[in-house]
Structures are given as structure tokens and as C-alpha cells.
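Across the two complexes that follow, chain A remains constant while its partner is chain B and subsequently chain C.
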Partner chain A sequence: MIYEQVIINRLVIDRPKQVRMFQVKLPRQTQNVIGVETGIRWVNGVPVLPPPEILPWKLPTTIQANTYIGDLKLQSTETGNIFFASDLVLNNNNDYADFTSQYLVPKNYTNQFKAEKDPVKIGGKATVLFGCYKDNLADTIPTPFKYIVSVYVWIKLYDNASNQKP
Partner chain B sequence: MLKPVKKRFDITVAAANQTVSQSFDLDKNIKVVHGVLLTSNKDDLLYYRGSQKIEINKEEYFPDNYESKLLMCGINVSPKSRYYDLGSVNPGNGSVKIVYQDADDGRTVFSTYRVSLYLDCEMEDGQ
Partner chain C sequence: MNIALAIEYIPRRMKDLGVGDNYYLRFRHFVLEGNQTLELDAHNQFFLLIDDNSDLSISSDFGFYDITYPNSNEQTYEHQGLITITNYSSTLNHVRFIQIIPKN
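Entry: the complex of A and B
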């Protein structure tokens, strides 16, 4: 039987411009790496967003700069090499061109799109993936901060490698 | 004949940084589980603070520390597409277990909130 599983790595970032190298260990039965997701949780030092626009309301048509948190890369020892590179950002444009925002101010938790993993297809023969996360939040906020980055690696695997893996 | 049905199970988080573990039983005539969805009466707390493990029939589908926001859906998504697609899961003995973990996040102030787990199922129509 083939099934899917997610492996979660959590990285604590608490120093400006911190670079964290990490490894994602893959089970032996892994057939493919099929997707990657990321998440972030604040512990302290939350970036302060600009205050919302006061009345009179007008259609938000000005794009605000998103808050750039850091960037993440994942590397396989197989031919895929660096197969995933992504920026972690806080979206500050939820209400862009949204005419309903006059009555319901869009937030991440009300107007988020469906969470989907970023699809990748990397062979599972490598038993480990290498990852690198680099903080860039220090460019935005000079005060101390601490946050946790979660990296979700989705894999497809056989429940019995010995007699089913090709 | 199988007909679609949605099931809802609630847990209450009464204290900050609390872990709530609860098991629920699906009806015996539910034959397939297609998807899951998480909502709350305080969406921001669930979004920023929540993570959980979900098991169906003692099989783990989402491990510990899987963030709740990845199983939530905003109003930008059409109602028919809001469930996280699990494929077609056999519910077996019908046992559904959620281990929900609340954790402090710098953007929220805790107050008691409800977490609702929705399951998109198919049940056997007896008629």
C-alpha cells in the first residue's frame, strides 16, 4: 500500500540574520518527496504593521510592501539538488482591491486561500534532505525577536519497502 | 447507495498552552471520509495559536505540531472546495481522535475558544 506522510521540522530563530542548517530524515520506505509547506509562529518581537487607514474609506488600490521574514532552501543529494527555495513573507495586502473591505476588514484568518502544499517530485533514495533557513527580519525590525519556523515535508511511501519498492 | 454528509465535533480550549485530547465516534453507517476542515468561534486564536494531531481509525493523518491554519479555509475559497482532501479514507471502527495544542503567539491574547472539526463523509443510505 502507498500512503502519504508529513515530516515536520521546527526551527527556532532568535538572532538577527541567523542562518540555520538542518536535516530532514526520510524513512527508508520513501518513494518520493511530493510537497513542501511552511509556517511561522511568533514568540516575541512581532513586527508592527502600519495603522489601518482611517475614514473615509476608499477602495484599497495601493500595494503595501509585504514583511519579508526569511528564505528557505531544501536540497537533495539526488539529481534534484536544490529543489525548493521560498521566501517567508507576511502578507500585508489582504484587502487589495477588495470592495467588501469597507465592512469586513480582511485578515489572514478570514480571507486566506486554501492552504496547499507546494508540489515537488524528488526521489526518495536519499535518506536525508538538507535545509537552510536564513533570517531577514532583522532588516525590518531592529528590536529583539524570536519566532519558530515550521517546515513540512510531504512524502509518499510504501508500508513495506522490502517487497514492493522497485 | 452512499450519500454525502458532514459531521462536526467540538472541543473547548479553556486555558492558554493547554493540550486537549478528545475522541469521537462516527456513525456506523459512515463508510468513507473524504476531507477535514477546522474552524473556530475565534478564528484568529485558532489560526495563530493552534496545532493538532488527527487520527482516524487509529491511523495518524496529521502528526503533532501540524498547524491548524493549514486546515482552515477563508471566505475566498468556494464553499464546495473548503475541505482538506484526504482521498477516500475507510473510517474502520469510526474512531476519530484529535489532540489539539494551544501555544502562545505574540499576536494574540488568549481567551476561551471553541475548535470545531468538520469531516466530509459519505454514509450508507438504509433505504
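Entry: the complex of A and C
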């Protein structure tokens, strides 16, 4: 039987311009890496967005610049080499033209776009992937911060018991 | 990394990447002026740093090398893609690589 699994790696980023190299270990039964998904969670630090204005509410119709958090790359030991590169960006326009935002201001953790994996197809013979995350938030926020980057690696693997490995 | 290790490492790494024996090697020795930043376009190529240097920062598409940088948990000697080399020293500095150029 072939089934899918997701491997989650968490990287704690708490220093400015931090460079974090890491490895994603894959099970030995892995056939392919089929997708990668990223996520971010704030732990502490000065909020990225400015504090809400104490002004009469009006429909947000101006586009704000999104916040560039950092970039993530994944590399396979095999022929795939660098197969995934992604910018982590905080969307600052969740409430754009949203008339309900007067009472419930959309945040990234409530109204983030639908998260979907980015499809890739990389062989799983080498049971480890290499990752490199570089923080760029320090360019925007000079004060201390801490956040967690989650890397979800989707794999397709064989069930060992069924002996279906070609 | 020293030259002996690099020579041992390159054939195995190229085999892993599917290049096999189909590659050229060049020895590159760059001379950087004080505080100079050098950019190398190394897409489809590999640059292997073969000696340590505490006055340099090397950043590439997949890797980072700066011995004096406290916010990095690992140093990378294999670089590819756009490579940026910064000389922190105000005087002349040298950096040596082995350039690996896969054949088409």
C-alpha cells in the first residue's frame, strides 16, 4: 500500500538576520517527496502592524506593503539539488475592502489565505533533505522578536509490510 | 575544507547529483580589495570553498559562510547560484575556490 505522510520541522528564529541550516529526515520507505508547505507563528516581539488607529473606522481600500519575513530553501542530496525556494511573507491586506473588519479585524492567524502545499516531485532515496532559512525581518523590525517557522514536507511512502516496493 | 578533502568530495558529490564524470574543474583564486563585494553568477555551477577566512562573508542561493557571524548555526563550503562575497577587511584579501562546471 502507498500512503502519504507529512513531516513537520519547526525552526525557532529569535536573532536578527539569523541563518538556520537544518535537515529533514525522511523515513526509509519514502518513495517521493510530493509537496512542501510553510507556515509561521509569532511568539513575541513588537507587532509587525502598527497599533490600530483611534480614528473613526473607514473601509480599508489602500494597499499596505506586505512584510517580508525571510526565505526558505530546500535541497536534495540527489539529482533534484535545490528544489524548493519560498519567501515567507506576512499578508498585511487581510482586511482590504472587507466591510466586516470594523468589528472583527482579520489577522493572519484567522483570515490567512487557504494554505496549500506546493507540489514537488523529488526522489526519496536519500533519506535526508537539507534546508536553509535566512531571516530578513530584522531589516523591517529593529527590536527583538521571536517566531517559529514551520516546514511541512509531504511524502509518499510504501507500507513496509505489503512488499510493493519495485 | 582543504584541497585534499575537496578532491575526494567532488566526484562523490557529482555522482549524487547525476553529473557523474561529466564536469570540468577550475581552480579560482579571487583577490578582493578592502571592503569589496564581489558577485559571482554560478547558476548550474558549484563553487567549493577550500580554505577558511575570518574576514570574509559568503552568501549564496543555498548557503552561508561567515566564521565571525554569531547568528548562523552552520557554515557552508559548497555554494551555487548567485554568490556574494564580501571582504570585511579594509585591506587586500584572498579567497580560493574550486569551480565545478557540469558539462551539457
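Here is the rule we use: the second predicted complex is superposed on the first by the 129 of 166 C-alpha atoms of A that agree within 3 Å, B and C clash if a C-alpha of one lies under 4 Å from a C-alpha of the other, contacts with A are read in each partner's own complex, and residues count from 1 in each chain.
Operating definition for what follows: a contact is a pair of C-beta atoms (placed from the backbone, for glycine too) under 8 Å apart; a residue touches a chain by one contact, two chains touch by 3 or more.
The structure displayed is predicted, hence computed values, not measured ones.
Undergrad: Look at A:115 in the shared chain and tell me whether it touches chain B only, chain C only, both, or neither; answer first, second, both or neither.
TA: first
Undergrad: Does chain B (first) or chain C (second) touch A:6, or do both, or does neither?
TA: first
Undergrad: Quick check for you: in the superposed arrangement, does A:21 touch first (chain B), second (chain C), both or neither?
TA: second
Undergrad: Which of the two partners, first being chain B and second being chain C, lies in contact with A:44: first, second, both, or neither?
TA: First partner only.
Undergrad: Which partner chains sit in contact with A:107 here, chain B, chain C, both or neither? Use first/second/both/neither.
TA: The first partner, chain B, only.
Undergrad: Going by the contact rule set out at the top, does A:75 touch chain B (first), chain C (second), both, or neither?
TA: Second partner only.
Undergrad: Regarding the shared-chain residue A:156, is it in contact with chain B (first), chain C (second), both, or neither?
TA: Neither: A:156 stays clear of chain B and chain C.
Undergrad: Once the two structures are fitted together, what part of chain A is touched by chain B and by chain C alike?
TA: Looking at chain A, the two contact sets are disjoint.
Undergrad: For a test of understanding, state which residues of chain B touch chain A in their complex under the given definition.
TA: Counting only chain B, the residues touching chain A are 43-44, 46-48, 62-67, 69-77, 81-82, 84, 103-107.
Undergrad: In the complex, go through chain A and note every residue touching chain B.
TA: That would be residues 5-6, 8, 10, 37, 39, 41-46, 107-115, 150, 152 of chain A.
Undergrad: For the complex, which residues does chain C have touching chain A?
TA: 16-18, 61-64, 69-74, 76, 80-81
Undergrad: Quick check on the complex: what are the chain A residues that touch chain C?
TA: That would be residues 15-21, 73, 75, 77-79, 81-82, 85, 126, 130, 132, 134 of chain A.
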